[in-house]
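Common to both upcoming complexes is chain A, partnered first by chain B, then by chain C.
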Partner chain A sequence: MTVIIDILFLTFLIISAFLSVYFKDLLNSTISLSAYSFFVAVLWTTLNAVDVAFTEVAVGAGVSTVLLLAVLSKIDRVEKNQITKDRKIIALTVIFITGYLLLLATQDMPNFGDPGWVTNRYLIPDYIERTFRETGAPNIVTAILGSYRGYDTNGETTVIFIAGLCVYMILGRESK
Partner chain B sequence: MKRHIVLVMATRIMVPFILIFSLYVLAHGEISPGGGFQGGVIFAAGWILYSMVFGKEEFYRRISRNMLLAFTAIGVMIYTLVGYVSMFNGGTYLEYAKLPGLDMKTGNSIGLLLIEIGVFITVFSVMLLLFFEVGKKDG
Partner chain C sequence: MVDIINFIVGKYNYIIAIILMLIGLYTTIVNGNLFKKVVGLNILSTSIILFYISISKVKDGSAPIYSENVIRYDNPLPHVLMLTAIVVGVAVTAVALSIIIKINEFYGTVEEDEIVNYNQRSVKDREENEF
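Moving on, here comes the complex of A and B:
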């Protein structure tokens, strides 16, 4: 059953990714990207990565779509075709080389849920055992983000703050 | 934009629930999926929906632009203050167990909630700021 869902949603994923590149109207591309995020989120859920799925839906399908729409309200909606034929050949070569390298990389990856894989042998059992005792938080992801990796999250928040500040300084200067 | 009655009524009904849900996601980040970042994004999405229907001015009447700018910094400040308070109380930076008046268990719980609130405030104000500044008509 899970295999059917996986295949179904991976097919939708590829279709929406292809359509987002294929459409000449950028509004259609934005909507396709939103659908893409949604399908990725469903796949995260089947992998039991609910926190990631939640973030993907909220950020990828929700807010980033709205931000892209806000950009679209300022620029031309239709993509102009300025790509020459020799550029297309170069792009195709790069895509095939990158795809080949990615396929090579997947051969070293563990099978899904492989109990003998190195992170499943000591790291994940260690966190599962320690987290509730040490932090009292049942959600291990939040405990790792806020407690064990608290410095990282502090840095991330600062990055978001600086990003917002930069956008404000560049775009919001003149108007008062 | 011309205000459709369906759009206005649907927004009026939906926005409070979106905002409450975002606070739920924030408060339950320790127990269920979610946390400050997701909650902040949902909170921003609720206000974005509101200001898309009723206009940006209607939103700025509630939280002014300078207020929004200040919020981006206040979130980071809350997060960093938690770290410094625990440091001056004899622990290391962000050692929640050393927050004043709290022991190991409650300190971790309250500390996690405080930093999630910091992340929440920064994320929601930055998302709103991005939306308003990028989608501005005149600039």
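Moving on, here comes the complex of A and C:
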């Protein structure tokens, strides 16, 4: 049953991603992107990544859409069709080469949900075994985020601060 | 034939992540509209997050929160890394959009080709004024 839901939502995902690229009206495109973020969040709930799912709903489907809509109120809503042929050829070449290399690399990946693969051994059982004893938090993701990788989270906060500063400095300047 | 079917069934998530990444990359390269490029960038970053989350799923695994009667937990480390990636992705979107607003104020358009034309025209005007 989980596999059917998984495949269904992955297919929805591709459809909504394609639509958000395909629409010429940028408002339709933004709304499709919001739906795409929502499908991604549902997919992550089925993949048991609950923390990532609610961050995606709040930040990806919420804040990003609001930002995109705010910009959309200032620019032209309809995109002009200006895709030139030579640029299309370059893009398709890049995409075929990248896609081929990625598909080749996929052969070396484990099957979906393989517990014996290298990413799920060594450090990970250690984390799962130690976390509750050392930090007392029942949620392992929160414990790693706040405790073991605390410096990383601190750096992330710095990135957000710098981004906010950048937006303020770019938009706060007087235009001549 | 059986090999190919096994490949597709076993690695369905990875293949979808690749397709989504290519959709995002194509938009970012080919589309002349700067707003559409940001949309493509969002799809690109989400596809990579999908790839990492797919790696972290383990068969019969439960969510990485302590509880009883659990066979094994999913891998919590990619979840942590991807939480950071989502938030940084939104920061990138915000900065890109603020630059788009400034470009729109200056040129009156967000289409790449029109901006290039505008610049070439202004260079020609300056040369004519000098002589």
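Basically, the second predicted complex is superposed on the first by the 172 of 176 C-alpha atoms of A that agree within 3 Å, B and C clash if a C-alpha of one lies under 4 Å from a C-alpha of the other, contacts with A are read in each partner's own complex, and residues count from 1 in each chain.
Keep in mind that, in the parts below, contacts are C-beta pairs under 8 Å (C-beta built on N, C-alpha and C of every residue); 3 or more make two chains touch, one makes a residue touch a chain.
Everything numeric in this text was worked out from a predicted model, so none of it was measured.
Undergrad: After lining up the shared chain so the two structures overlap, which partner does A:I97 touch, if you call chain B first and chain C second: first, second, both or neither?
TA: A:I97 contacts neither chain B nor chain C.
Undergrad: By the touch definition at the top of the document, which applies to A:N154: first (chain B), second (chain C), both, or neither?
TA: first
Undergrad: For A:V66, decide between first (touching chain B), second (touching chain C), both and neither.
TA: In the superposition, A:V66 contacts chain B only.
Undergrad: Taking the superposition as given, does A:I7 touch the first partner, chain B, the second, chain C, both, or neither?
TA: It touches chain C, and chain B stays clear.
Undergrad: Between chain B and chain C, whom does A:L27 touch in the aligned arrangement: first, second, both, or neither?
TA: Neither chain B nor chain C is touched by A:L27.
Undergrad: Just chain B (first), just chain C (second), both, or neither: which does A:T55 touch?
TA: In the superposed model, A:T55 contacts both chain B and chain C.
Undergrad: Does chain A have more residues touched by chain B or by chain C?
TA: Partner touching more chain A residues in the overlay: C.
Undergrad: Just chain B (first), just chain C (second), both, or neither: which does A:M109 touch?
TA: second
Undergrad: Looking at A:V167, would you say it contacts chain B, chain C, both, or neither? Reply first, second, both or neither.
TA: It touches chain B and chain C both.
Undergrad: Once the two structures are superposed, pull the chain A residues common to the chain B and chain C interfaces.
TA: In chain A, positions 50-51, 55, 59, 63, 67, 70-71, 74, 138-139, 141, 145, 153, 160, 163-164, 167, 171, 175 sit in both the chain B and chain C interfaces.
Undergrad: Show which residues of chain A lie in contact with chain B when the two form their complex.
TA: Residue positions touching the partner: 50-51, 53-55, 58-59, 62-63, 66-67, 69-71, 73-74, 134-139, 141-143, 145-147, 150-151, 153-154, 157-158, 160-161, 163-165, 167-168, 171-172, 174-175.
Undergrad: In the complex formed with chain C, which residues of chain A make contact?
TA: Touch residues, chain A against chain C: 6-7, 10, 13-14, 17-18, 20-21, 26, 29-30, 33, 36-37, 40, 43-44, 47-52, 55-56, 59-60, 63-64, 67-68, 70-72, 74-76, 79-80, 82-83, 87-88, 90-92, 94-95, 98-99, 102-103, 106-107, 109, 111-115, 119-120, 123-124, 127-128, 132, 138-141, 144-145, 149, 152-153, 156, 159-160, 163-164, 166-167, 170-171, 173, 175.
Undergrad: Touching chain A in the complex: which residues of chain C?
TA: 7, 10-16, 18-27, 29-33, 35-36, 38-40, 42-43, 46, 49-50, 53-66, 72-80, 82-84, 86-95, 97-102, 104-106, 109-113
Undergrad: Considering only the defined contacts, which chain B positions touch chain A in the complex?
TA: 25, 29-35, 37-38, 41-42, 44-45, 48, 69, 72-73, 75-76, 79-80, 83, 93-94, 96, 105, 108-109, 111-112, 115-116, 118-119, 122-123, 125-127, 129-131, 133-136, 138-139
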